[in-house]
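Below are two complexes that have chain A in common, paired first with chain B and then with chain C.
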Partner chain A sequence: MHRRGVGAGAIAKKKLAEAKYKERGTVLAEDQLAQMSKQLDMFKTNLEEFASKHKQEIRKNPEFRVQFQDMCATIGVDPLASGKGFWSEMLGVGDFYYELGVQIIEVCLALKHRNGGLITLEELHQQVLKGRGKFAQDVSQDDLLRAIKKLKVLGNGFGIIPVGGTYLIQSVPAELNMDHTVVLQLAEKKGYVTVSEIRSSLKWETERAKQVLEHLLKEGMAWLDTQAAGEPQYWLPALFTELYSQDITPEEAKEAIP
Partner chain B sequence: MSFAWPWQYSFPPFFTLQPNGETRQKQLSAWCALALAYSRRHRLPAMTVREAQDSPLFANRRLQRILCGARAPACRPLPSLPSAVGERLLNPHPGKLPLESIQVVLEELRKNGNLEWLDKNKTSFLIMWRRPEEWGKLIYQWVSKNGLTNSVFTLYELASGDDTENEEFHGLDETMLLRALQALQQEHKAEIITLDDGRGVKFF
Partner chain C sequence: MDRFAWTSGLLELGETLVVQQRGVRLCDGEEKVKFDSGVLLLSTHRLIWRDQKNHECCIAIPLSQIVFIEEQAAGIGKSAKIVVHLHPASSNKEPGPFQSSKYSYIKLSFKEHGQIEFYRRLSEEMTQRRWENMPAGQTIQVNKDPRAGRIRAVGIVGIERKLEEKRKETDKNISEAKEMVELSKSIANKIKEKQGDITEDETIRFKSYLLSMGIANPVTRETYGSGTHYHMQLAKQLAGILQTPLEERGGIMSLTEVYCLVNRARGLELLSPEDLVNACKMLESLKLPLRLRIFDSGVMVIELQSHNEEEMVASALETVSEKGSLTADEFAKLVGMSVLLAKERLLLAEKMGHLCRDDSVEGLRFYPNLFLTQS
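Now for the complex of A and B:
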């Protein structure tokens, strides 16, 4: 009696069918890969042509630069990867960000004694532009963030902390954990913070708040003010807007030379 | 031209002696630089510590912050910080009164040679934005440049004479002038002498 679907024969048949499906699947996958590969190659060629045609624009225009890099990211190309290679040679884009990174380090070193190694993206931007002078290429905050991300990869002790609508850039290897970051974010509004504010906003115990504040004092990122009405205030020079317009003094500039 | 205040002067914590050692050092340097610049600009005379607390130099009315001395009403004792290190920084002599902030700054100025206490009780002082030795050097430079070694001058001639009109030390008050000459005397470059109608100096 031949029952359908059972018996040694049926099992063997099933196995053969599975194998055939698998092969088909593999073939399908390979097919797709080959097609995708071809597409990516074409994409890359087009992108290279585009880059070459619009080299000037990419170098001069910050908005254009962002869009170009987004395009590159879509196909998994990083124009900033290493100093060598097609992209950086052809566009000089690698150099651009490398140079910008050096400038960022110089500004941060020069101002470190003022702000303990924390600086807002705004102030960093202002100071970098000042240092570049009138005839240099325009540089956007997006450019700065990309350059800083590169610096992070190189292990320069750089960190990017989101606060308010912007970022604080950390340029010293100080240990800043989540607790510290959250207090920095709280302080961003007024440039200072108190134990009570931390307790009410974050629902922390006094001890936890004091620990964070003492750490910030120890790192030189915060200063203590005991003459405020009510309770002591902890101020951050990095968030002190009246400090922004202050030029880097010659003494401070000397600090920037390692 | 109005006096250019440094950014720290508008920063409220600048008027609180900082508990963190490194930050305090930066703060004291900034205070010393400010005190010297202000004293030079406004030709600060000798003053008492009480007077100093009322001076715009140490009291920012707009901010309502004062660099504290014993009786300044705005000043409150520092909060207790959890660490033992913090405590020691705030009160280096447990059992004694903690140092008032303004005293710390004045002492720093004194250590750098830029301040002199005028009485034993340390109530009156003079800020010397230029140290006596530095004044002495300037005076002696003028003397040697003009070939005037071995000459005798009255103090008046030196500070107010026509010959020194263009010199930086012209108009220097007598106290500072004497200090400067004493410094030169120590270096055997001058000798303070008594003349008929006052004092003078001979240069070597």
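Now for the complex of A and C:
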């Protein structure tokens, strides 16, 4: 009599079948792995050829860098993800941006006590250029933004805040929500803002405006001028254009990474 | 250089500043002139140059005078330049530093860099021609010379041809890169389909392929997180490199400090921020003498295993008590720590109940928690 399904024999058979399927799955995986390995080698060769012709272009042509990055982004590839990536090893894109990251960190740290950890992209650009010296490769503002986006992962609070056509770069882990950001944008035109301006432009209650301004004061990002005619003015040192031409003092440089 | 006119340097009504760069020298064609160190300003209407030593010396040229611009790369001992080809000066131009010039172009020499950005902005302004929409004051000279359009500076046709070639080659670069990126995409998709039947080793192999490609990793395994063999090796290297610096800094460093230290030491083949984070995430599981710690604020640090932040809190409490109260800045100066880490320690002490905060517009100040000790 043949009973179906039950019994030790059936169970053993089932287990054998399962094992066989699994084995088959593994074999399939191995096949595809081998195939992938081959495709990868081909990719690597192509990239080496590309690199031998165009490595200089990437280093010298910022427009090419932008186009290249944008394209990689649409397809889901990040050439700056790892220094160990092909892009980095063969095209040398990595070192350019990672070194820029170091320079950005140092400038932000040196100026933090002046501006509370907020700096315009323009000023950052000027200071980084000065620090890089005469013989280094020039960098564009787009290059800076890409380097900063990579730095976010280090947990130091790096952020990019769009204001009036340019950007403010945040380099401290202070919480800046939408309210804070919108007030920064309002302040960008003149470098300062008042409670009345916030009330009339943004239609906020006085209390809400005051809370935001106090937070910025506490974080050292805003300075209070109580002697202004009319009402107190809240100034943002990050937006003082005169600061562009000031050098980083030796004391400030010491504050930066040794 | 005879197209320039003296100016006060003040912007007119309707004129906006676009970008400025210091350390720029002006050249009349191929010849140097006395304007060797100044701030170059680009507005919506003009190109203005002001002497850095003598602010009274300020000259400008309307953007409408410009025929076209080109870049000249830097060389050994030579700064990068922008060559600006100009229309002939109009007869009703305001007085300037030169009455005549044998050149129809000037060179802007960027001794302190900044030419990439300046060139980009100048090109934009040349395309947008905003000065045509917003006539600003009487200082703008509209070039009414009918011959201007038909006069071609020497060699312009040849130059334009070269620019076109350069553009074509770059396009070719991009399409080649695109092919390779398509290839990597097909591989990435294959990986996504593979989930489930793969061993640990094979997963690690896949991840290293992804790493090479710069493709975001869809596979995370418990043992090693998003790390790969590369990151494991890196973690071990870091343990070696960071031991002494950590001891010198009281056993703790922020991840940004580590990033700068390690990359400055390397010089070449630098680590990406992600490489560093992925390697640090493996420190603990690899039983190395350092560990990664993430504070509530999101700040990430590397600590020696022997470092006990909670013990440091006890000594922090002593320091604060001695002084009555301290801000993060003051504490940092006293103890010789970075402000970032000083703040984290004080916050931790507060979390543990040892300190109380006084949060005002004058800053965040910490006091010993008397509620706890004196009840």
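Observations on the structure shown:
Here is the rule we go by: the second predicted complex is superposed on the first by the 204 of 258 C-alpha atoms of A that agree within 3 Å, B and C clash if a C-alpha of one lies under 4 Å from a C-alpha of the other, contacts with A are read in each partner's own complex, and residues count from 1 in each chain.
Note that contacts are C-beta pairs under 8 Å (C-beta built on N, C-alpha and C of every residue); 3 or more make two chains touch, one makes a residue touch a chain.
Bear in mind the structure is a predicted one, so any value in this text is a computation, not a measurement.
In the superposition on chain A, contact is made by A:K210 with chain B only, not with chain C. In the superposition on chain A, A:K218 makes contact with both chain B and chain C.
When both complexes are overlaid on chain A, the residue A:Q141 reaches chain C alone and has no touch with chain B. Counted by residues of chain A touched, the larger count belongs to C, out of chain B and chain C. Of the two partner chains, neither chain B nor chain C is touched by A:K189. Legend: residue contacts after superposition of the two complexes on their common chain; A:F240 is shown touching chain B, with no touch to chain C. By the document's definition of touching, of the two partners only chain C reaches A:D95; chain B does not.
By the touch criterion stated above, A:Q67 is placed in contact with chain C alone, chain B being left untouched. With both structures placed on the common chain, the touch criterion links A:K14 to neither chain B nor chain C. Of the two partner chains placed by the overlay, only chain B lies in contact with A:Q227; chain C stays clear of it.
Residues 214, 217-218, 220, 224 of chain A lie at the contact with chain B in one complex and at the contact with chain C in the other. Of all residues in chain A, only 113-114, 116, 192, 207, 210-211, 214, 217-218, 220, 223-228, 231-233, 235, 237, 240, 242-243, 246 touch chain B in the complex they form.
Looking at the complex, you find that chain C touches chain A at residues 19-20, 22, 39, 73-74, 79-80, 110-117, 120, 170, 173-174, 176-188, 190-191, 194, 196-199, 202, 205-206, 209, 211-216, 230, 254-257, 259-261, 263-264, 268-277, 294, 297-300, 339-340, 359-361, 363-364.
Residues of chain A that touch chain C in their complex: 22, 25-26, 28-30, 32-33, 36-37, 39-40, 42-44, 46-47, 50, 53-54, 57, 60-64, 67-68, 71-72, 75-89, 94-95, 97-99, 101-102, 105-106, 112, 122, 125-126, 129-130, 132, 134, 136, 138-141, 150-157, 172-173, 214, 217-218, 220, 224, 244-245, 257. Taken together, the chain B residues at the contact with chain A in this complex read 7, 10-16, 18-20, 22-23, 26-27, 64-66, 74-79, 81-83, 86.
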